[in-house]
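These notes concern the structure reproduced below.
To keep things simple, chains are lettered A, B, C and D as they appear, and every chain counts its residues starting from 1.
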């Protein structure tokens, strides 16, 4: 019963999830004020891609997808590190992590 | 020979670069020597020039040597464009009837320009470096036979001009300078596209490769069928012609692209006005004769009427605008718009009389307008004003000046015996002889009267009639009861001094001499023009008689 | 080998130029302003000219005498479609030329001589002679030219010299205005002349008279006959300008602002006659229609000018208008085909009118630059020589028998009558009528002038506040002559002028007597002039063909012309021969030419018929005229002033010269000035960036250096600037500085793009 | 489902890696240099600026040697098709090293960075890291490799942008750059994932084969291409993915700005060309829809938009760095024109234009830095009267700007000439793009000339008018850059020929 349902889960389901995740990520990135939350949004986007890769590599066979997702995870970590440094610096200079209030340069 | 005459000013410029900017006199003398050197070479070229060789297109068999003279041909750039064959750019110089007169004119005007630049005090070094750069570019345009080379020289003129107007100009100079720059660039960028298009459409019969050589382009046999500007691609050929024409028309300047000219002239310092009116404007019409028309003869034939109409508009419109001007220099500027209209009209005639008239008019307008602007400069130096109404009765106080003014003014209104008349006359003769342009010629003749009107009127207001007591000058009566005027803060001689005379008298002499016996110049151009007419109108030729 | 006459005439041509060159450069260095140079050179010129006259006129006494010489001036090489093309310059010497040379050089010399007295003490004394020199040069040029191009060049050159001489007192605004007016008015005429030349050139690719006439004769004229008429009329416009014919006559009276010798030389004797001379040169190619136009214009001018002359006060203006009127006579004469008569009048008029002007000059000189006849009077005792000569000239002008004027004027009127009778139509009788009317008026105003100037009491004292009104002739501003001349003029009595001014008067007066020209005081036809200068045979085919061939394609018209020519000969063979015979019979005593063209022949015949009628009529007219003058001014039976009051409108109309000046000022001048203002505005505001309006709008949201953005607006052409700027301004706003907005943009861009393709793919 | 590889297999793998390493020397060498710099920074204390600069320059110059040696090698793909060695790549290797050297040169003269209290060690290290990353961007032939190299570049770039910690604008720029970059690369990644999903391949050559063989779903393909374009467009700074660039360019330390505006843009183009020319060279089959939808049309729109937007908005800028930033957007548009033609001539044109851009843009920024050192400002109004006060720099800057406009006789003109030649060689097809390019370049004249306008035509308000002296070295660099710009404007044969030689991509078939 349950197994059937599990077996009946196909590519579409995974892709749907990844699309949702991607959408959520974009949404977060565009709307949240807090820089940290924005970074989370970025993570969501990357992981949405990861889900795709894993799905495809599962259903197409071959290891490339898995490799890809692994590297992405690594990179996400690195990116987060740099990002945090920068955000901290921002907090030092602007006394805020509200991204939308950091707009001295425009037009 | 030609390379020398082209690059001599640059050499002078480099020497100046080495001179410390405090040594103003040395700098001036160096550039004067450069200009004189140019003049000497020009005369040598003139002596060597064989007026029986036509030019315009290559001699039968595709060799230049048979038709052009003093050819200098050096391979410059040779690239491999893969499937488009090699890209060959040549350093190709040569003169024919069209260019030789312009070369002479340019050399002459350059010397005059240096002389009249003597009074420039601000940043002399920079001024003369730019001036020499400009001189090179102008000369280069007239002798270049490779489109790429021509284009390089053509664009090279813009920047020095921009600075010469912009730095040494009048109160409103920034505006005038950028306006000049944008207008002319607007014209020339399209030229770039057309140039490339032509390159891909033309094959040099000798090498079998694409070429930038204007001579090869002038022969319709060299165009590839199906190419972007190939003989069968009518639409694009029309577009290309119009685009080129506008590009040159802006330089001429042709209504309605003329509005940069009055501003540029009013703001520019005297020598630059002289150069601008004396040489640069000619580049527009020269470009038409050298590039625009021979490369697209059938479009030209189709467009004669339009060109003529624009010529007529220039003539009448320019004259009317001149009539209304208060600023003397602006009036002269509009007068050159009017006079370049004659050139356009002559070009539209598409027969030898008209074309010879046009080319000769280019030369004469060069000398005459140069003289006009110099004269304007003289009075401006003294009175620091150009408002016509502020003067009056000057003839009593500056007889020599007035005499030269009368010569120049009457030359400009086309008085027989002065060079301007001959050219205008033959422009009309040509335009009237061609059935297409006949009605327009009949209209344009009105230009003769209006031309006379604004010139005589300004002459009267400034030099004749009562002296207007005015802030410009004050009056004193000497022991003999003779009156003298003194312009405020003008220490120099009231009437013309030696330097001014050395600039003006030669011009006056040339104007008179060429008015009485034009052959020295006209003899140079007739052969080429006849050839040009053949190239342009293979069909119309038989129709005339 | 150049004919010796040619060499001589070249010398004649160049000597005055030499005088000009020398004087213009060295007049200040030479003693006495170098006047002796001018006089001397002109004397030489005169001598040579008289020698030419002697050889041509007296030695070979031959109507057909003609020598010519030319050289290639411009070489166009082998012109496509035309073949080898050369523009030639050259000179031709025939009877008319020889006569003109003699006449011009004589008067010019006399004027030079006269000026040494009259212009004495002028600050620009030397330059005056220089100007006279260049004038004489260009006048000779006109006379000697053998082609339209060079005559046009000299034509404008005389225009220049007249410009310079009218404006000799350039410090007077009136003079400056007058010189400008003269030049411009002439230019208008020249336009027409130039167009005429263009029409002919465009057909024949040559400027030479002879070639052109040949071509026309051979029917090479490939445009419609109307164009040929047009060419004629247009060429005639040159004459209208130069010879001050209606409607371009307005400049001549104002030209009297120039020194009086100038008026005598240029604006009475020679230059103004150049127009007539030119029409004579092209006479043979004038179509009948063109001739009609010419005749009517001439007649009208003659009459109108005369009516104006009767009310003028300024002694010189009266003469000026009489000049216009007399020129009208000459043009009329040419128009009606009385070719030789017209030229004859040109010659006679030159002498007596020059005499009159020099005389008036002497009077003005003596009266200390008083020109208003109302303040003169009683001069005949004080200036006997002047009076005598002036009187003779006046009679000649009025056309009394025994004077040269009688001979020529009468011949013209006879021609007019003949013409009218040939043309038949009543309207054509208008021409002789106007002619005779003018004759009356001429007699009248000359009588008036003589009386006012020489008889009665001196009225100098009557002049209201003399001193002041002297200054409006000479603004006391920068003017030295007048200090020299009328410094306290009341003390000096009026006296006869010196010999160097008297001699010219005498010479010219002598030349106004009939015997010089014709043994028979009643018939100039018996004189040498009429014999030597005969109406040339026309080269255009007779009337009628013009209408048929009008509007036909070039070659057809050509053929048709040729045929028309032949068959008209058939048609009119009978009368043509008839008249031909009579004409030939007349030719026995009259040496009249024999015409192939029937129309010309008939006119010549009828002219002869009407000769005595003309004499009778004109004598009557003159009597009437003088009679009226006597009634008005001598016996004062009718008071002219009262009459003026009673017919005030007419009087004013005449006094104000038919208001031509006002009309032109209101229409032409004001008009063109208005147009120029409008266009200049258009140029400054419309063409130079339709944006300038937009610019202001745009500046509101330009935050950038107020000056700079203006440059963009005006610099980039028209709306481009505006578009560029605004788009820039709008796009700028997208860059909010908020990174999240940026991301939103990107997302929107990508999604929008995707949606776009989606829409296209899914349908 | 994945069984462990046997020892033999591992052996073979290792040997393959060893074989590939031979083609990978420059990258390895530069990575080593990266390490060395960090170590040096650790060893030597604060007073190491000169040392580090010299070392990095020396190192970079040294790398040229290895790159040169690669020219002898045949074009090949290695590391299991992850990476390739071809002329195209080599050209860019030279390019990036050159830009790296110039970056160091600009850095040493910049006062802002001199004043920067906490040392410069990481700075140079990051610079070199970026060089490596960009080299790999230009040469990687595998989606994964592409992504990794791009991230490498981005991360170092973020750090460099925010390098002036005390400078608010710097930090702000870093933040914006980071967020924007992260999202963009996320999109790129998502696009990659879709491609992978459609083809089950990550090697671009095999991808193109798979696409050709099995076909694909139009819609997904478009989505993928759009997302990838978002990622690449952000690197190239092309409209509408450009938004980060003005702010970042303005905020970042000027040498970094110059570096980003030239090098990372170039890297973006390298990657773009490789991806599209190799992975989807034929565009899509157009039978599917009436409207001709393929990545070419997308690029056309992007390029037109970039040319118009960049130039039009630049008119309004009064900060010189920002002005140059906008102009660089426009230049991205011009470069794209060369890509669109999708043939050898176009590629050659792009390469020539890039090298021209390297010279003139670096020249411009170099002078801007020198001026900023003296006047302490990058505002247009503060440039007034500078022409008289620093004649050489003024002249040089004018030359660079003229070159940026594209007027002869400068290198920039040659770039434009080649680009437009490539377009027109295609016939009237791309004429409208050419027209846009031409017209916008007229607009560009206006704002570029604003700088000489202020320098020469106007006089500064402030009193002191003395000549401003600059260091000999700086003068030398400026002069040589200027002379090169002019020289190649007249004699561009060598570079153009080399570009032609280099316009060969591994696995791409350009006509």
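Simple rule for what comes next: a residue touches a chain if its C-beta (ideal position, glycine included) is under 8 Å from a C-beta of that chain, and two chains touch if they have at least 3 such contacts.
By chain, with names taken from UniProt: A = NADH-quinone oxidoreductase subunit K.
It should be emphasised that the depicted structure is a prediction, and the values quoted were computed from it without experimental measurement.
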| item | value |
| --- | --- |
| Between B-C and A-D, the pair with more C-beta contacts | B-C |
| Rounded Å distance, chain A centre to chain D centre (Cα mean) | 27 |
| Distance between the centres, which are taken as Cα means, of chain C and chain B, whole angstrom | 37 |
| Between chain D and chain B, distance of the C-alpha-averaged centres to the nearest whole Å | 44 |
| Separation of chain A from chain B, taking each centre as the mean of its C-alpha atoms, in whole Å | 67 |
| Chain D residues counted as touching two or more neighbouring chains | 175-176, 179, 183, 187, 246-247, 316, 442, 446, 453 |
| Interface hub residues of chain B, defined as touching at least two other chains | 174, 178, 181-182, 186 |
| Two or more partner chains touched - positions in chain A | 26, 29, 38, 99, 102-107 |
| Those chain pairs that satisfy the touch definition | A-C, A-D, B-C, B-D, C-D |
| For the chain C and chain B complex, residues of the former touching the latter | 73-83, 85, 149, 152-157, 160, 167, 170-173, 175-177, 179-180, 183-184, 187-188, 190-191, 194-195, 198-199, 201-202, 205, 475, 477-478, 480, 672-673, 675-677, 679-680, 683, 687-689, 707-708, 710-711, 714-717 |
| Residue ranges of chain D in contact with chain B within the complex | 343-345, 348, 388, 398, 402, 407-409, 413, 416-417, 420-421, 424-425, 427-428, 434-435, 438-439, 441-442, 445-446, 449, 452-453, 456-458, 490-493, 496-497, 500, 511 |
| Chain C contact footprint on chain B (complex, rising order) | 174-175, 178-179, 181-183, 186, 255-256, 258-259, 262, 317, 320-321, 323-325, 351-353, 356, 393, 395-396, 410, 415-417, 421, 425, 428-429, 432-433, 438, 441-442, 445-446, 448-450, 452-453, 456-457, 460, 463-467, 481, 483, 517-519, 522-523, 526-527, 530, 533-534, 537, 540-545 |
| For the chain C and chain A complex, residues of the former touching the latter | 732-733, 735-740, 743-744, 747 |
| Footprint of chain D on chain A - complex, ascending | 18, 22, 25-26, 29, 35, 38-39, 41-42, 45-46, 48-49, 52-53, 55-57, 60-65, 67-68, 71-72, 75, 78-79, 82-83, 85-87, 89-90, 92-94, 99, 102-107 |
